[in-house]
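Naming follows writing order (A, B, C and D), and every chain is counted from residue 1.
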Amino acid sequence: TKTEVFTITEMREPALEKDNTDKKTRIFEQYVQPCLVELLGTMLFVFVGCSSVIGNVGTTGAIQPAVAHGLALAVLIMMFGQISGGHFNPAVSLCAYLCGGMELLLLVPYILAQMLGGMVGASFAKAVLPPGLYANSAGGALVVLSNDLVTVTLAEIIMTMFLTLVVCMGAINSQTQTPMAPFCIGLTVTANIFAGGMVSGACMNPARAFGPAVVANYWNHHWIYWVGPIGGALLTVTFVRFVLGDRKTRIWL
Amino acid sequence: TKTEVFTITEMREPALEKDNTDKKTRIFEQYVQPCLVELLGTMLFVFVGCSSVIGNVGTTGAIQPAVAHGLALAVLIMMFGQISGGHFNPAVSLCAYLCGGMELLLLVPYILAQMLGGMVGASFAKAVLPPGLYANSAGGALVVLSNDLVTVTLAEIIMTMFLTLVVCMGAINSQTQTPMAPFCIGLTVTANIFAGGMVSGACMNPARAFGPAVVANYWNHHWIYWVGPIGGALLTVTFVRFVLGDRKTRIWL
Amino acid sequence: TKTEVFTITEMREPALEKDNTDKKTRIFEQYVQPCLVELLGTMLFVFVGCSSVIGNVGTTGAIQPAVAHGLALAVLIMMFGQISGGHFNPAVSLCAYLCGGMELLLLVPYILAQMLGGMVGASFAKAVLPPGLYANSAGGALVVLSNDLVTVTLAEIIMTMFLTLVVCMGAINSQTQTPMAPFCIGLTVTANIFAGGMVSGACMNPARAFGPAVVANYWNHHWIYWVGPIGGALLTVTFVRFVLGDRKTRIWL
Amino acid sequence: TKTEVFTITEMREPALEKDNTDKKTRIFEQYVQPCLVELLGTMLFVFVGCSSVIGNVGTTGAIQPAVAHGLALAVLIMMFGQISGGHFNPAVSLCAYLCGGMELLLLVPYILAQMLGGMVGASFAKAVLPPGLYANSAGGALVVLSNDLVTVTLAEIIMTMFLTLVVCMGAINSQTQTPMAPFCIGLTVTANIFAGGMVSGACMNPARAFGPAVVANYWNHHWIYWVGPIGGALLTVTFVRFVLGDRKTRIWL
């Protein structure tokens, strides 16, 4: 069927399929464990991300935040991809669902877990980094760096399109799947921060924006970090479903 | 035969070989999809590349552009290599064709798709980055940094020779092929930017030069970014065909 | 049984299982070689780590130490993981034991080997780096950068939790094991140094702290680098044993 | 037998074993091609290495040279390892021979090819980089940065020991061999440059030192870059042959 499942069920232990598995265990492994993993992974990603931004003083450029975000994400997807798919990003979950890489039932719980994980991660960053630096950097929240909001939104759309394309082609689309997908996804984040970090902060992830916005109570232009990433994800879905996907994924030809 | 095909057809879905495949689908998958992938991939590569150059102010050295170009290229080849070979570079397409890694029929369409992709990517960089920075950096176009044009051309030849050697040996020549070739190719770009970025900008790719040259209307010494990369590619072809290739690739011994 | 063994015995040469193996050889391979490998690996890790901190003058930010620690650790685990598991860190050994990835018999010898390796590595850093820089940096010992010791300890707990989670999920837990675990572990160290390096130095490893503390005789708040990493390791054990582990690893459901 | 061969013959095309292979072809593939590959690879490595040092002005720290050397080496070993073993370093060839990873017959030709490659690579760096920068940096030759020559030699010994250990354990010793060895070897160079670059330049490779020494006619303390790396290689041989190697490699127990 069209609605194939990503890495979530594919790599399950064989015993899972059997009827004699305890029902509680099956529910835990299919629903509870993946959601907890999304929460924990997003927490660690946002903790590292916010801390690397808050502490990036006296250095030049975006190298430290760019590399920290990219590596943390790559490692977390490599670790948790087999359990939850390793999204840690509502735009990625939406895109994975629409490209046939995730069950509908998990979509809303994943997004809630990611938003909660973002808040917890941002709280730990606040607890740990020096208050002066925390205040100066809006707690690692995303800050719009241009007056032209259309430009900023466009930047988020393009960069998230790139990111979600790597997710769909590298981890879902069977013709192009690769075990290196986690590194590809993380390193796309690094490259994008070098490309558009000085325009929009290169968020590409509403949960990364939402967590520190809540904790630092910083909401300036927050909508951009939902509209841009979701727009980019929908663009990717269009490309994959009409042009880039394999026969199983394409909805024509 | 000598004219082996790279990754383009090798990894196709098995159904493709069967006669009962719709002819329209077969044409789409063998000609249309690869060209669209070259366009999209070159667009994303040139967008990230130009943006990382335009925004590289207040930092020291070439780390941000070097890493951004390298990672974006590595990831795009990893994603799209199975569909189009993942060239995103006219010098690479020429070299792949001459080393037996690509059909002649696709050569001109690929190069046109890459040039168009470069223009679109450079346009997005112009749309997104602040106009002041855009103007200061010639929109990410390649800028010759020495009066000695022979030196600059030689730098492009040597660096492109290295880059295309990695493509031919890592992705085409069967004795030395490796699934890590996409990362090797991208990281060669990073290393070369550290080596020759301050001489010629370390372009190694006419499409990377052409896109922003059109968009920013900056054509100073533009020919160097065609002559150098093509010269380097031909040098690689000579080495691979006479010395480095396996028995199937070498044209003697 | 619950007490599965990590990579230590799994990848042994087949002959090892046979009875006709010399007993001395068997003891050498199962106990002596792993301990010597932990000593040598920790020595090289601490040598590179301390030297990269001592020599990080005139540069901005933590890029050099962050990348040096991460790459050295990644490479050493890749090389020696098949022999000793590649811990080089008492917190990792404790966590591996408690998650079923290591024999109890080796726990104390490993920790002693790691502490000794840390001392030898820090001595080589002292022998090699210029004395002026050595004195200015406390010989690469971990320096607490905040007056709020609870915060510093919390930072070490969170970061070590992340690091040991990557060890347990990537190298021990069979559902999520990956051959890329060594790189994931090393790159987690790099990301964490960008996140919390300016708070606590981002140690995550009592042997990394102990070696230069002895050699430079610098003991300020040294306990934090035992309490924090061990706390983080115990947190990981709790997560893995109750929530994240596969059926064999989880102690319920 | 003890004298196993590395990657040189192992991965040969099957036809090679057959008697009906042309003798000229066999000699070409077993002796001529590997030596030419060592020459070409060392040339590209030394070109990138010297250029990245010569052009490292106005930046802080060793990031650019460290990353350029490491990535260029990693990529070259990945490409050419199947043909020649991918040494590009006399200390590595010596160590590989003594650990059973290379034929004696090739040892001297390899070292000569590497020295010649270093000279050609350094010449290209001279031809391409601006003369002012070239003169300021001794043409990328290794410069001793301390008056204490024992310390400098010791630094080269320790760092080369680490590097050659990664070669022997990752690419020769069958228990610990890994397809990621080329990346491990390159990234060890990067880590070592961050550790000891400011003491001795972190050469670890007599051919890397010899090439620019000839071209720039800079011979101050040149002997250190032969004695240190060879000392480190011999230390590795001792460790591998007595302690770290698998049963086939160890000469006791």
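Basically, contacts are C-beta pairs under 8 Å (C-beta built on N, C-alpha and C of every residue); 3 or more make two chains touch, one makes a residue touch a chain.
As the structure is a prediction and not an experimental result, all values here were calculated from the model.
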| item | value |
| --- | --- |
| Relative orientation of copies chain A and chain B, as a Cα rotation angle in degrees, nearest 5 | 90 |
| Equivalent interface positions on chain B and chain D, same or different at half | different |
| Gap in Å, rounded to a whole number, between the CA centres of chain C and chain A | 28 |
| Centroid distance [mean C-alpha coordinates] between chain C and chain B, Å | 40 |
| Chain A, residues touching no fewer than two other chains | 60, 63 |
| Touching pairs - complete list by chain label | A-B, A-C, B-D, C-D |
| Contact footprint of chain A on chain B as seen in their complex | 11, 13, 15, 22, 24-25, 28, 33, 36-37, 40, 44, 47-48, 51-52, 55-56, 58-60, 63-65, 67-68, 71-72, 74-75, 78-80, 82-83, 124-125, 127-130, 179, 183 |
| Chain A-facing residues of chain C, complex | 60-63, 66, 146, 151, 154-155, 158, 162, 165-166, 169-170, 175-176, 178, 180, 184, 187-188, 190-192, 194-199, 239, 243-244, 246-247, 253 |
